[in-house]
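Down below are the structures I want you to see.
First subunit A sits with subunit B, and in the next complex the same chain sits with subunit C.
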Partner chain A sequence: MGKFNVLQHDLVPEHHVVPKKDEDKVLSEIGIARDLLPKISRSDPAIKALEEIHGPLESGTIIKIIRKSPTMGYSVYYRAISSEVFK
Partner chain B sequence: MPSIIFKDTKKNIQTLTKKAPVKYAVEADIKPGITEAYVTFDKKVFTYRLRISAVDEYKEDTSVILKKQTGLKTTLSVEVVEPMDPIPLSQFRKGKKKLTEFSDFEEVELPRIEVVEKTNYMDSLSSEVKEILELAKKKNVEISVSMAEELTSYKKSLKPKQFDELLMRVAKDLESKRIDPFEAVGIIAAQSIGEPGTQMTMRTFHFAGVREMNVTLGLPRLIEIVDARRIPSTPSMTVYLKPEFEKSEDIVMNVVKELENTTVIDVADIVTDITQMLLTIRPDEAKMSERLVNHSDLLDALAKMKGITVISDASNNDIVVKPQQESFKRLYQVQEQLKLLTIKGVPGIKRAIARVDQVTKSWILYTQGSNLKEVLEIDEVDANRTYTNDIIEIAQVLGIEAARNAIYNESLRTLSEQGLEVDQRHLMLVADMMTFGGSVRAVGRQGISGRKSSVLARAAFEITTKHLLRAGLLGEVDPLTGVAENIIVGQPITLGTGAVNLVYRAFSK
Partner chain C sequence: MTGGISKRIYRIQFALLSPDEIRKMSQVKVITADTYDDDGYPIERGLMDLHMGVIEPGLKCATCGGKVDECPGHFGNIELAMPVVHVGFIKEIKTLLDSTCKSCGRIKLTEDEINSYAERFSQYSFSSSDPEIIGLMSKKVTDEASTRMVCPHCGTQQIKIILDKPTTFREEGIKVTPKEIRERLERIPDEDLQFFGLNNEVARPEWMVLTVLPVPPINVRPSITLETGERSEDDLTHKLVDIIRISQRLRESRDNGSPQLIIEDLWDLLQFHVTTYFDNQTAGIPPARHRSGRALKTLVQRLKGKEGRFRSNLSGKRVNFSARTVISPEPFLSINEVGVPEKAARELTVPVTVNIFNIDHVRELVARGPEARDSFGKYLAGVNYIIRPDGRRIKLTAQNAEENAKRVEPGWIVERQLTEGDIVLFNRQPSLHRMSMMGHTVRILTGQTFRFNLAVCTPYNADFDGDEMNLHIVQKEEARAEARIIMKVQEQIMSPRFGGPIIGGIHDHITAMFLLTHGNPLYTEAQTVHMLSYIKVDHMPPAEIVDGKRYYRGRDIFSLILPDGLNLKFASKLCSSAKEKCEFEDDPLDKEVYIVNGVMTHGTIDEAAVGSFSGEIIDKIFRKYGSEEAGKFIDNMTRLGVGFLTGRGFSTGINDYDIPDSAIARIDEISLQAIERTEKLVEAYRAGQLQPAPGRSVEDTLEIEVLSTTGAVRDESGKIASAFLGLSNPSVIMARSGARAKMLNISEVAGMVGQQSVRGGRLNRGYYNRTLPHFKPDDIGATARGFVKSSYKQGLNPLEYFMHSIGGREGLVDIAVRTSRSGYMQRRLINAFEDLKVDESLRVQDTVGAVIQFKYGEDGVDPTRSEKGETVDVDYLAFDIENQKEVE
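Now for the complex of A and B:
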C-alpha cells in the first residue's frame, strides 16, 4: 500500500465484506444468483485495500457497497469478486 | 522502522521458501535490529518479503544457506518468506528522498499507512432518522434515508398516531411512483440523455482569466465519457491541498512547481556546436529560480542519461555535454533527448495553475495533463479529495466504484453546465451499466451493445454481416428474449404487456 488509503477517498463509497454466513441471506433478499451479481475485479484497488484488513478474499465473495445517493440519501449495492483481472 | 532491500536470484528465494525458518548468509555488514528485508529480481519491483528474527556474524556452518560462495559476512535468521504484490522501487524512501536506484543491503524505509474502512453510514445518521427508519421497518414499508430525513420535521409536530398515518401514506405514494416491472428503462434513459444532447454546443470552453486552460465540454465530452476513451482529449486534474496548507500561498506555489513537469529546455538554452560535436547547456538563472530548480538538480537529471559525457565547468554555470559516439546523427539525437529530459515534476502534468475558491477562500490547483497515482503521493496533497477527469485512470487507481461515481459526476456536470436538465437516475443507470462487469466498458460496438447475447440484436446495431457470418459459422442460438430480435422476426416484444404470457386453461367438464 502506498501513502494514501483508497477506501477513504471521496469518490470511493463504503465497501464492506459480507461474512460467509450472511451471503445466502443477502442473495435471497435481493433474489438473484451469485454469478449474476455485478462484478468487481480481484485486482481492484478497493479489494486490495480490503485484503489488507481482512486477509485474502476468494473470488465469489460478496462485497456490500453503500453509496451516497443524491436521490435516496444512501443506497446499497452488491458486487461479487470476479477472478478476472483488467489491465 | 528501517528494513533492507537487495537483489537476489530466484533459485535462492525458492530454497529459502522451502526451508524457512532457516539461516541465510549474505555478503554485507548489517546492523542488528533489522526485521524485514525486501527482495527484487530485476532491480525494479520487489516481490518477496523476508521476516528476519536475528542478525548474527557469519560463521561456517552446514545448515546455513549461502547467498554466494565467497565474501560472506552476516547471517540472517529468516523466519518466513512471503510473496507479495510487486512494490516499485520508487515507493521506498531513504530519509525523505524517493529512491531511484539502490545498492544491495541498503537500509530504507517503506512508508505505510494503516488502511481503515470508511465508517458505516448508519453511525453518521441522527437518532431521529434512525428512529423513523426503524418504525418504517416495523410497519414493513421501505423508505429511503433522504425520505426519513425529511420526515423528522413532522415527527415533533404530529401525534404518534398521525405520524404513523403519514408514514403509511408516504410509503403508499412511493410504491405507486415506482417504475413498473418490465418497463424498458434503458430505452427511456437513452432517449432522455439523447434528446438534450442534440441541443449541446460543439464548442470548447475556456477558463476565464489571464492563465486560461482548455477543457473539452459539451457534446464531445459526453461522447468521450460514454465511449470510455483511454485518454480524454483534455485530461485535467483538480488538486486539493490538506486543510493546513490550502490557505498559504507560498506552500501552494511550491506545490505548483512540484507538480509541473520541468524539462531542460524550460530552464536552459541548449547550444549545439557542430564543429566540436558538443552541446552546451546554458541555464537561465531567472527561469531556474522561478521553477525552483538548482544547478545540482540539473546535473542529477543529466546523470541519468546514457551515452553522454557530462563536463561541468566550475568557473561558469554552463554544462558541456559530449555524446560518446561521434556522429552528427547521435549529436542530433542527444539534443532532442536533452530537450525533453525531465528535471523534476510529475510526469504527464504539463501545467498547473492555482486559483482561489471564492466561497471557502482556499487554494485549488488545476492541472493540464493527469497522473492521479503520483499526485496522490505528494505530501501536501489531500489524497481524499483530489480527482481527475480521466475515468479510466480513476478505475485503475481508485477502483470500479469510484469510476462509477466519476462517470455519473462527469456526465451530470457536462449536461448541467449547458443548462440541460436530465434526471439523475438515467445517468446512474448508464454509469451502473458501464461498470457492471468490473471494468469500465464503453456504450457501443466495443462495449455493452457489442456483447449482447442475441445475434440478431447485435446484427441490427452495427456491422451486420460480421455478426451473422460468425453466428452461422459457430451455430449460435438466439432465444428471442430481447426487443430488437423480436421486432425483426415480427413478434410482440417482451416488454410491457408483451412480457406477460397468457395460458388458457379450459374448464374441465
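Now for the complex of A and C:
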C-alpha cells in the first residue's frame, strides 16, 4: 500500500507553506511578531507531508491553515514551525 | 503597601543540601530535646534556642539581635547518631543502587557504552536543557545498567536489591543499613553521576542519606500559648523532640556497646521519626500521632493538597467586605435584587470619599452613627469608620457621631454601611460558570438569611435545604460600574454555554402559567384583580361579558406582561413531549403558541415558553428588547405565577396516583405475563432453541429479549395507569407542563417500577452465580435478575427493595465519580485559561502576547448572543417582520 498523504484526509484542514517572500507581508497583515505566532511541531504529520512536496522546511516557516467553520464557512489560522519537537 | 519587592528572579537551581552546608547555615547545634525551662525561658541548645529566632515580644534574637518582627529566623541543626535515608529520595537511591556496582561504585556499563552515552549527555546542559529530556535519557541508561548482574569494571557478582517500602533495602532478605547505603553511594565517582541526571557540582548521591538534619527557624514552628496559660508546641517541634530523643538513646546504646538488636531497633525508630518528620502520610507506615490521637501535620502535609500552603494560602485568598449565610427564597424580590439581613448590612461598608458635592449628605450619614434607624424603627445606613487623609481610622460610636460629623472635610473617607440600591456580588460555590457570581442590588431585610427570587436558583444551582452563599461588597467606582453593566443578573440571562436563557421560571411558575393559559379559561373579575395585584399593570385585559358579569381570559391576562410588538410562534412543550400522539395535537389552539404584537392568541405557556434553559419567550424578548425588558418579564411572570397560585391553590399528594382496582389488576396480570414470558425465553435458551440475533451471542440475545419484554410491560403499565390520570391531576399537570418530574416517574408510582439495571444490563452480580442467596444458582428468571413488578405506591417487597437499591446506587456512584472528576478537570482548565485575554480585535492572547486564536472561537461569535449556537434564526426574523407589517 502506498504512503497515505494526511493532507488529503477529509478531517485534516488545508495546510499551506507561506512562501519566504510573502512572510513579512503576512506578518504585517495580522500584526504579530513571528515568535508570538502559534507553533506547530516539526514532527507534525502535516509538516512531514508538506516536506514531501517542498523539501525540508526550516524552523520559523509560516504555515497557513484553512479550516472549515460552520458559522464562517472557513477560517484562516497561522502557525510557525517550532525549533523543538513536541512530545 | 507602597514600594513592593524590586528584586527579580534571575535563576533557579535545584540541588541537594550537603551536610557541610547544613552545618554552615546552622546557628546552633541542638542537643537537648527540651524546649523551655521552668521559668518559661528557652533552654540553651534546645529546640527553642534563641539563636533560631524569637516569637515572643520583648526577647531579642541571639543571632541577629532583631526583635519579633525584625528577625527573619535562623536554622539550627541536629547531628544524627546514625545515618538514615531521606524518604523523599527513596526512588533515586533505589536507581542509584540498582545501576551501580556494589563494590567499586561504577555505573554498570562498559567503557564503550559509557563513552557513547556521555557524548549524548554532553549535548544537554543542566542549566539550559529541558529536565524532562534529561530524565528520559537517564531512565533509559539506568534501566540498562540495572539489568547487568556482573560489574563490567571489577567483575563483582551483583545481588538484586529489593526495596521493602517505605525505607528498608534488602539484599537476599538481609537488610542493607543506611550506613552501608551511604558508603556505596560515596563510592560512585563524579563522572558517572550525569547518567542519573545529577549535577555533580551541586549534588552528591550520599547526601540523600542524612547524617545531619536542619532544624527550621522558630518562626516556621511557633508555639502557641493557650488560654489556660499552657504552652502548646507546633507539630514540627514535637517531631524534632522525638528525633533528638531517639538519636541520643541510639548514641548512648552504641557507645555502651549495647546488643546489636537494641541498636537496630532504635535505628529503625530513628528512621521512622525522620521519615514521618518529612511526610506523615508515607505509605506502609502508620502516621505519627499527637497525644489526642490526631495525626501530626509535618512538612509534606504543610504544602500538599487543598489545605496545603500552595492551594490554600498562595492561590487562595481571603477577602474583607464579604458575608456568608444561609439562603432562602423571596418571591417578591426582583431577579436583580438580593435580600441582605440587617445584621450583615451593619458590618458591610462602602467607602465614600468626601467632596464638596456630597459633603452635606455625608455629614448627615456620619451624624446618624453606627446604629441608625428612622422614626419608624426602620434600618438606615450609618457609618462605622471615618478615615482621615493621614490614614488614621476613627471608630464611630453613637456618642462621638455628632461631633465627628462636623469634623469631616473633603478628602476624608467615610465607610458607609450598606444601603438599598448598592450593587454587590453574590456567589455560590462551586463556581462552575460565570453565572455563579452575579451582580445584585441590595434590599435590606429583617431576618438572618440572604434572600433572592426563585428564578435565580438555576444559574447558581441553589436550593434551600441549607445552602449558604457569599456576598461581596464592591469597593471602587470602576468595579461598581462593571458589576452593574456586565454582571447584573439581567445581563446574565443568556448562557454562553448554549446561547439561550439560563434564567427563567421554575416549578410553580411553570405550573401557574400552564394552568393560566391551557384551554384559555375564564376568570372572574375578583380572581383577575387578585392576580394582577401582584404585578405592575395600568389597565385591565379585555373583558368578556357573560350573564352581565365581567370575565377575563387566561391568555389575555398573560398577554399583559408581554412587551408590545412581540411576535412569536413556537410549539409548546405539552405536545412535543408526549411519547405518542398527544391528545391536543389536532387543536392548534393548544399546541402552538402564537403571539402577535404582544398579544397571545393560541397555545399553552409551559416550560418551552418560560422555563429556564428553554424559555422561548424570554429568549426572544432578550434579543428584541434587551436585558432590561427580559428581566422585567421574568419578574412579572414569576410574580403573576405566585399571584395565580395563591388564588387558585395547588397541591399534590399520594392520592394523585389513585387508579381503579381494575387497572391495578390489569397491571398485575401483564406483569405476571412478562415473568412467564421471561421464563419461556429462559427455557428455550436452556434447551438450546433460542436463535441468536445477527451478530450476537445466544446469551446476549436472551438478555436483549428479556429486557425488551420487561421494558414493554413497564411502558404498558404506564399507559394503563396514565389512562386514569388526566390533566386535572396535579402530578400530571406538573409532568406535562415541565414543572417537575416526568410521566415516567408517575407511572413508576401508580403503575410499576420495572426492570432495575446496572450499566444498562440486568442485575447479575452479588453472590456466586446469583444476585441473592434466596435464588438458586444460575436462576436467570425475571425476579432473580431485578424485575420489580410492584409500584412505589403499593410498596416493594424486600427482594424488590434490595434490587431497587442496587440500581439506585449506580446513579449515586455515577454522580460521586463525575463530580470529583469534572471538578479536577475544571481546575486544570481554569489554570490553563485564567490569564488568556480577548482584545478589541477579538484576538485571544496570553500574558506574553503569544496568540492562541486569531479571532475568538475562530469566528468571533459571542456564544451568549448566538441563537443556540447559530448566528441568526432566519425563520424567526421572517415571522417577526411579516407580522410587523400586518400591524402597520
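One rule holds in what follows: the second predicted complex is superposed on the first by the 84 of 87 C-alpha atoms of A that agree within 3 Å, B and C clash if a C-alpha of one lies under 4 Å from a C-alpha of the other, contacts with A are read in each partner's own complex, and residues count from 1 in each chain.
Quick note on the criterion: a residue touches a chain if its C-beta (ideal position, glycine included) is under 8 Å from a C-beta of that chain, and two chains touch if they have at least 3 such contacts.
In this text the structure is predicted, and so the values were computed from the model without any measurement.
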Could you look at A:Tyr78 and tell me whether it touches subunit B, subunit C, both or neither (first, second, both, neither)? second
For A:Pro38, using the defined touch cut-off, is the partner it touches subunit B, subunit C, both, or neither? Pick first, second, both or neither. both
Can A:Ile65 be said to touch subunit B (first), subunit C (second), both, or neither? first
Figure out whether A:Ile30 sits in contact with subunit B (first) or subunit C (second), or with both, or with neither. second
Counting residues of subunit A in contact, which comes out ahead: subunit B or subunit C? B
Touching subunit B in one complex and subunit C in the other: list those residues of subunit A. 38, 67, 69, 71-72, 75
Please give the residue numbers of subunit C that touch subunit A in the complex, ascending. 132, 845, 848-855, 858-859, 861, 870-871
Subunit A to subunit C touching residues, read off their complex: 30, 32-33, 36-38, 67, 69, 71-72, 75-78, 87
In the complex with subunit B, residue positions of subunit A that touch it: 1-16, 38-41, 44-50, 52-53, 65-75, 79, 82, 84, 86
Under the touch definition given earlier, write down the residues of subunit B that touch subunit A in their complex. 85, 91, 111-118, 120-121, 144-149, 373, 376-377, 383-385, 387, 394, 396-402, 405-406, 409, 424-425, 428, 432, 435-439
